[in-house]
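This is the structure I have questions about; it appears just below.
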Amino acid sequence: MLLHSDFRPKPLSFVRSALFGVALTVGAAAAGAPAVAAEQLRMAVPSDPGYLDPAYWGSTVDQFLIDNLYPRLAKYAPDGKEWKVELADAKSIDMSDPMNIVFELKPGIMWAGGYGELTAEDVKYSFERHLDPDLESSLAPEFSSLEEVEVTGKYTGIIRLKEPSATLWASTLVSTGGAIISKAAAEEADGYFEATPVATTGPYRLKEFEPGNKLVLERNPDWTGETGDFDEIVLLPIGDENAAELAFSAGEIDFMRHSAGNFDTLKANPPADSEIFMVQSIDPIWLGITASHEKLQDQRVRNAIQLAIDVPTILQATSGGYSKQATGIVAEGLPGYRAGKELKRDVDKARELLAEAGADGLNVRLDYVNTTERNTAAQIIQANLAEVGITLDLNAQDEGTFWNIDEAKAADMQMHLKAWTGNPEGFYTLQYFVGDQIGVWNWEAYQDDEYERLLEEARVTQDAAARGEIYETMQQMLEDSGTFLFIAQDPYVVVHRKGMVPGILPDGRPVFHAFKKAE
Amino acid sequence: MFAYVVRRIGLGFLVLILAISSLYILVQAAPGDPASAMLGPRATPAIKEAFRERLGLDQPLPVQIVKYLWSVAQGDLGTDLKSKQPVWNTLAIHLPRTIELLAAAIVIAAGFGIPLGCMAAVRRNSAFDRIVGVLSVSIIAVPAVVIAIYGMLIFSAGLGWLPAIGAGEDGGILSILHHLILPAIAVGIGWVGYLARLVRASMIEVLSANYIRNARAFGLKERWIIYRYALRIAVAPTVTVLGIGVGIMLGSAVFAEIVFARPGIGKLMYDAVILRNYPVTLGAVLAATLILIVSTTLSDILNAIIDPRFKESGE
Amino acid sequence: MTQPAIDSPAAAPQTRGGFWRLLRDPMGAVGLTIVVALILSAVFAPWLAPYDPAAINVPIKLQPPSWDHWLGTDQLGRDVLSRALYGGQIALGVALVSTCLAVGIGMILGMAAGFGPRWLDNIIVLSFDTVRAYPVIILALAVGPIFGAGIVTIIGILVATSIPYYGRIVRTSIISAAKSEYVEALLAMGMSRTRIVVRHILPNIIGPILILASMDIPTFIAAEAGLSFLGVGVKPPTSSWGLILDDGYKFIRQTSWLVIAGSVPLILATLGFTFLGEALRDTFDPKLRKEV
């Protein structure tokens, strides 16, 4: 029983998407603040939640809330140092057969709002709905190796796979994609819901949501499991990391996580009563250059853009030199990392390529989320491209707008700067750069048959190291095509008030109930 | 007179309707589909269609405008696309924060501006008068955003005396007042100078008026004359100006709300515009207009109370 | 509203004396000095600026003032003094262009309303009132993103919201002038309305309008900075005082120099123009004073 030895987690896991190198700030009861706040854990987050349906989630805040409010079979432990999967709402998991994952839920886990008990039917509904073409779940690719979930009892069932995919469990089911929703509640909402979760379980439940102002979670009286030290969790939407830092030093926030750019100055000039440390993430940041856009169709133009940009300078400006230039989607130390393949800047070559392509007076647009860090990076890219005669129009957007994409926007994608939440399994980011995902998550409009063949090969390769080799080739292809300029895997700075022990994952992401008051 | 009032009010309504309609057109003309923007990345075409139908976005623009005006007339501002609550509920969270900010700003402006102007008028052409004169012109010239940022730089980030973000609405009245200080100064301080000049000018006029001369001739104490009679009359134009000035203060409030991450109409509007949450955008502009109307009316009433001459001429 | 006397003789001979009177007013002298200095620094920014305002030099980011960088550097290691000098071009440029357009269009519409047919007058006045119903910054926020951030959008918003102000003044002046015996006499003599407006009314109202306009310049400068600060205005790599201020706000815990560098020129500019405007008004048209 228990966790099969085969899937001992590598450092980190999370589904692709929105994680932005922004301040995610978590607050705890303000030390020295009025007594009312003593039981509150206040957290500044980059934005309001948008979609709390696991099928559509997009932003970091969506992810936080889905991870903290919905049950899952297993999840990463809030260990803070090591990525470790532990059982969550499942009593046991048997993975001895790679084609059939057998699970048993803990009895007595109640859905808030009178939707009864968490059952195997909910699991079946939650996972299989991603395969429903009408739902157009953005997680459909992740669940593509799922055959069905067979319910064998009130609490028991078998997750049947189409092929021996080693990655469905390790990277999807234990993270955001594995969120289980209440079948009864979802059906009542016609299967579609947005910023209001249908029914939740767990130590906290939604108390109030004032968009643009705050979102408050309170203790769930029906919860019998492990619970946190704080009565309320308050999420404050503060999009900019510097604003969050200011709020922290003004005593308004007591836990925050943001880009490492200010690490030196923070260390030198720490806010009162704070503890500061750095965490490593495997969240890849890259510049996407959309191959299908008429201005960028010529591969020489895209390669020229790659060569014109000064990545080390961007890193120095945005993360104070604490991050290393990335060579791909996969972070250092994981299978598939391309050691020593950092792209070198070559302005002359870039000019040459542009001249060959006859691209004079090119004017392109760069989309990015409006944070200080991205703005800084974008302005450097703008200056770099100006050197080779490309005019860059900066289009800073709010996080919600940036991540929402429709047909019109997909057709008008030019260049964008973004980070995805990393995953130790390279597959889970790499699987999105296929033809079917153009206009969905493949904003780069990258398409290559050989790449898709390699992807299928990786899916059924059981050996992690062998998969890693395939990933290296795939990332090389992405880079050569000129559609991807890999920038970094960002480190983050965590700042928290003294007198508390933050409950965080190894990359500093908060697990609400694991925050403890220090004795 | 009655006909004039009716005509004036009618014109006001017409302007309001035109203002709402033109804003509706502008907001709807924005590129991008509110359905996609609000429903998120993977909403199916059917869901988007249902959304458009529900909001009446599939109808011709004039029909949409008439429908919107009609529902506004019935007190329905539509649904906040984000929270799925009536726009009224969203406004109910933010509007009081802006109103308290404006009220605090007015208290600061009047509390400092009127005494300064009064003293300057009494000591006309003294050094004090000249200093107030230069200062008042100077303070008017400093943009609210600059004052807000300096307030934050010095008192929040630097000294840590005053809060940097929020409105402190969870911490009771003291917390709310504490959070109000810096934003209210940012919005109100420019008006200190303005009011001082205004009060000074009208005070000088009043002090030279016949009945004040008469009062002096009757041997009333100078101090009594100034504070009991002259000031009351001299303050009247201040009230009118503040009533109209609320429109400008609303603009300053936007900066104060953004710099101090304070909930309020300005911040609400800023967020709503970015997210294409147009029922909220329209609702917020409506609310701002409403604040303007209410404040001008209030200033007229106050004027009548303060300055008896005003009442007489009104009768 | 002002109703400048229509029969006053042309003011040209007074101008020279007026200029000296303006300089004798301490406020006028200070204002004029600041304004002239600002205009010169903006015009000669390419020669005065020690560095390219867009030149990035990350290793020296966020430095305090030094001999090399008199106002320090920003988060990209750009020279803040150079950025502030170039920011002056934007601030003054936006303010002057907006003022000219607003006054120009406002005068045309105001004249059309004041001297045109009744229905045209009603339409124009109604649209003026409609525009004035919106608080400027709130309108800019609602409309700015629709047209996309940029100088043109800022100027558009500033012009659109100030036209009614000038338009109404011109309209009122013309209506009252039209009633004057002088104009009635001219009409009786068979002179065309257009000719009367252009030859006899306009020259008399243009002075006061220009003085009022000069007093509006600080508002425009502040609005440009404010809107750029909000992200609805000027976009990088263009430099603007509002953008420097925005950087300063973002890095307020790291350095206060950016806030100072963004705000001091802004305050100087608004002060200078306010002083100058006040002094101009007091010197050339004291009657206007009552309006404020």
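Labels A, B and C are assigned to the chains in the order they are written; within every chain, residues are numbered from 1.
One rule holds in what follows: contacts are C-beta pairs under 8 Å (C-beta built on N, C-alpha and C of every residue); 3 or more make two chains touch, one makes a residue touch a chain.
These numbers come from a predicted model, not from an experiment.
Interface comparison, A-B versus A-C: the higher number of contacting C-beta pairs is recorded for A-B. For subunit A, the chain whose average C-alpha position is most distant is C.
In terms of their C-alpha centroids, the spacing between subunit B and subunit C amounts to 23 Å.
Taking each chain's centre as the mean of its C-alpha atoms, subunit A lies 41 Å from subunit B. Averaging Cα coordinates per chain places subunit A and subunit C 47 Å apart. Along subunit C, residues 249, 252-253 each make contact with two or more other chains.
Of all residues in subunit B, those that touch two or more other chains are 152, 157, 274. Of all residues in subunit A, those touching 2 or more other chains are 243, 246, 249, listed in ascending order.
Contact residues on subunit C toward subunit B in their complex (touch as defined above): 27, 126-127, 129-130, 133-139, 141-146, 218, 222, 225-226, 229-230, 242, 245, 248-249, 252-253, 256, 259, 263, 266-267, 270-271, 273-275, 278, 292. Interface residues of subunit B, counted against subunit A in their complex, comprise 32-33, 36-37, 39-44, 47, 80, 82-84, 90, 93-94, 152, 156-157, 160, 163-166, 170-172, 175, 261, 263, 267-268, 271-272, 274-276.
Residues 240, 242-243, 245-246, 249, 262, 265, 269, 313, 316-317, 370, 372, 375-376, 378-380, 382-383, 386, 393-394, 396 of subunit A are the ones touching subunit C in the complex.
Taken in their complex, subunit B has these residues touching subunit C: 11, 14-16, 18-19, 22-23, 26-27, 29-31, 134, 137-138, 140-146, 149-150, 152-153, 157-158, 197, 247-248, 250-252, 254-255, 258-259, 265-266, 269-270, 273-274, 281, 284-285, 288-289, 292. Contacts from subunit A toward subunit B in the complex involve residues 34, 36-37, 48, 50-51, 55-56, 58, 134-138, 192, 194-196, 209-213, 236, 238, 243, 246-247, 249-252, 272, 397-398, 400-401, 403-406, 408-409, 440.
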